[in-house]
Amino acid sequence: MYDEEVIYDSRRLVPPEEHTRPTTERPWVRRTLIGIAVVFMGLVLVLPLLLVFVEAFRKGAETYFAAFSDRNSQSAITLTLLVAAIAVPLNLVFGVAAAWCVAKYEFWGKSFLITLIDLPFSVSPVVSGMVYVLLFGAQSALGPILKANHIEIIFAVPGIVLATIFVTFPFIARELIPLMEDQGSVDEEAALSLGATGWQTFTRVTLPNIKWGLLYGVLLCNARAMGEFGAVSVVSGHIRGKTTTMPLDIEILYNEYNFTAAFAIASLLAMLALVTLVFKTILEFRFGDELAGTRRH
Amino acid sequence: MKPSVIPGFGLTFGYTILYLSLLVLIPIAGLFLKAATTPWPQIVRIATAPRTINALEISFGSSLIAALVNVLFGVIVAWVLVRYKFPGRRILDAIVDLPFALPTAVAGIALSTLYAPKGWIGSLFSDKGPLWQWWHAQTWLPFGLEQFSLNFKIAYTPTGIVIALIFVGLPFIVRTVQPVLEEFEQELEEAAATLGANRWQTIAKVILPRLTPALLTGFALAFARAVGEYGSVIFIAGNLPNISEIAPVLIVIKLEEFDQAGAAVIAGIMLIISFAMLLVVNLIQAWARRRFGNV
Amino acid sequence: MKKTARILALGGLVAALALTGAVTARAQDQTLLNVSYDPTRELYEQFNEAFAKHWKDTTGGNVTIEQSHGGSGKQAQAVIDGLGADVVTLALEGDINAIVTKSGLIDENWRAEFPNNSTPYTSTIVFLVRKGNPKAIADWGDLVKDGVEVITPNPKTSGGARWNYLAAWAYANKASGGDEAKDVDFIKQLYKHVPVLDTGARGSTVTFAQKELGDVLLAWENEAYLVLDEFGAENFDIVYPPSSIRAEPPVAIVDKNVEAHGTQALAKAYLEYLYSPEGQTIAARNHYRPSDPSVVTDPALVAAFPKIDLISIDDPLFGGWKTAQPKHFGDGGIFDQVYTPAQ
């Protein structure tokens, strides 16, 4: 595919004699750089991942699978799926709308708007949870009204959903904005001039153009939604079997000295991360050109 | 705004603003309102308390170091991934995104287990560990170099914080630099070589300047993300006040001391700094877009 | 692509329903939420089972007991912010007092509601050391010897850590003959020997037992025994210092919440059951010192607790939680001075 043409194959393109093309480096430099990259990534990324699986299987496959039959862990998995199923579609709709409005139009204060969309990205997860406690907690102005109407937000599922939405807020929008900016509006203008309605233009022209970027955004958003710890920890109340998500369940198991089970649940999330990444790599492999522009976060 | 034939500005802009307000702006406004219930002198006292300043310094300082390390290694990783072909390249490329997807608490537990004095990596550097023994056996070294202690503690020190933040920030650098390198016109390098530049000169004077805007963006994103990081750091930091206590931990401590206003003040300070930084990044990006076309 | 639109609309609908429709469901069988601190997980797991059976036998009703565990202060803050606890079983009187003053959810006279100042079990602080006690740690003074690393959580975030601190203070005070400057000095010395300040007791235990950091863990007595069970008695020894503190983790009904939930009778029966022979025996079996040892069904359990010199928080040295809390752990208190860099 495309990398065959773009990337210099060290075995194929470099002539056998001690001559190096002017646009690449000497073999020893190349090897050193590859070595540095591999060692660095090994120390920082690969080993932690490996450790999760080693610890999860430390006491054998039986103990590993036993961890998933625990009632509380099962309810944590269900809750995590539920939260992601609510948070991701909401952020998806928002992401498309925001990207449309940012990419297709020029208006004053655009950088400011993008920064606001980015903001949850850099807000400490602890703060993300805290803002909802301050807003909906019993001590807030809204607290007594909510209580009088028997509406539970924090320390219940809605609060966990809100915190998750906050944390994963920018993911899809951030994925789509550069992609749609690169693509410009020519296709849409053509469709409109041929008499298509706005909605038709969006579903038949824009959506097919951005579908892979969109999917990638959804995958990352979903992985992050399922894995969020700090923010959810603040709003959850940690009621076992009721308001604990998978990352919180991992913490509880770890705190009960049940390390194997903790790492088993963690391996499930790591697997999710891996599946996400494999899926993404397949997408890139098949739709490399379309996705090339989307790699900016 | 400039006129456009594309419909839907009102709808999408309105929805964006509405959703943004409901989920982000109003809650954050609530935070500032809470902080504002504290009288000014006390806000100043909380903000200038040595412990607060130290925590902010540790947060921003280790984030800065981690982001710088990531710039160096991130560029090498991106360079290797884009320019060279070697076995396992695709796997390496895929794994770069891992920190986006792996829960931070799991990352923290895994990293602290690895880098603890008895962990796989930590034990290498611990007192009388294999590395230590090997090093002290090198008696042929001049100047008694072998006496130099190789006893480093990584987990439960500020170094541990930096390691966790490197983990969290790496994909930002790689993923911002990678597309620029991919789209880089090789003709420019050829031209430089024809004009007599050696490889290092070409890299330093032709390639790196073109990478700078992307690097800045990646740096700022990695930095901003690292400043707020909590889940992975608490497991590996040691959390000693003034030494390895990051600002988010201080916020949690304030919350547990029933001091929501104090927590809100520190959170507010962090928010303002983060917002300012992100705004600068986005302005740089907008500027680079105008200056270089696409970055 | 119409399908996509429909799916999106459906997703939105589901979300809207979940957000607005989360009205508290009143189950026919009763549920009770016990908000507790970290080290009581195993205790309440056993106790809840026994109580559910007892409740069924005496009233015929089914009860599901939900548990929430975490740092004592964090849990109290969650209750203040609206976590619907029916009962709280926390590490410190001060944390329940915070719920009283900040939210009014609990009646001011909660300490008089149950026997023994509403403390069904007590505990103390002991040393957990590596097998064979290689650093020869026998008393609090040994903790500040050269080369000794002490593991204890942060008193700001952990209830257990406050008892650790106060026990050390009591020792220092006795050794110095009441010279407070020397006491502060001892505390400063002690925390210089602490390489990691975890946020909770469980975090410290993991640091000491699993990550193998430090020479001695200051731990709840029950927590120390749990480590022997979980990590192997062949790796650790428990050392009882000659003197320690009587840690009194109190319990209370969250009056306003049980009113709203209609669980007054259930909550009262639940906490009272802690004082019953079964409750006291379960506590003793989990290495909590029963407040009424005479009712414990197995006297061997009671005899197993070594008798050491225990000081109470109500001793004039501390003057009760209301005095000790701000003096030692408040903003700018003595603990804060420990970590104030020398000017």
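In order of appearance the chains are A, B and C, and numbering begins at 1 in each one.
Convention: a contact is a pair of C-beta atoms (placed from the backbone, for glycine too) under 8 Å apart; a residue touches a chain by one contact, two chains touch by 3 or more.
Predicted model only: the values in this text are computed from it and were never measured.
If the chains shown are joined wherever they touch, the resulting network links each chain directly to all the rest.
Remark: among chain pairs B-C and A-B, A-B carries the greater number of C-beta contacts. Between the CA-based centres of chain B and chain C the separation comes to 36 Å, rounded to the whole angstrom. Separation between the centroids of chain A and chain B, computed from CA atoms only, is 17 Å.
The set of chain C residues that touch two or more partner chains comprises 80, 102. Residue positions of chain A touching 2 or more other chains: 93, 139, 162, 254. Shown for chain B are the residues that touch two or more other chains, namely 113, 252, 255.
Listing the residues of chain C that touch chain B in their complex gives 71, 73-74, 76-77, 80, 98, 102, 154, 156-157, 194-199, 207, 211-213, 331, 336, 339-341. For chain C in complex with chain A, the residues that touch the partner chain are 1-2, 4-5, 7-8, 11-12, 14-15, 18-20, 22-24, 33, 38, 41, 66-70, 78, 80-84, 102-103, 200, 202-203, 205-206, 209-210, 226, 230-231, 260.
Chain contact summary for the complex, chain B toward chain A: residues 1-2, 4-9, 11-13, 15-16, 19-20, 23-28, 30-31, 34, 73, 76-77, 79-86, 88, 90, 92-107, 109-111, 113-114, 120-121, 163, 166-167, 170-172, 175-176, 178-179, 182-183, 186, 189-190, 193-194, 199, 202, 217, 221, 224-225, 227-231, 247-248, 251-252, 255, 260, 263-264, 267, 270-271, 274-275, 277-279, 282-283, 286, 294. The touching residues of chain B, when paired with chain C in their complex, are 50-51, 54, 112-113, 116-119, 155-156, 234, 238-242, 245, 249, 252-253, 255-259, 262.
Chain A meets chain C in the complex at residues 82, 85-87, 89-90, 92-93, 133, 136-139, 143, 147, 149-158, 161-162, 203-204, 207, 237-242, 252, 254-257, 259.
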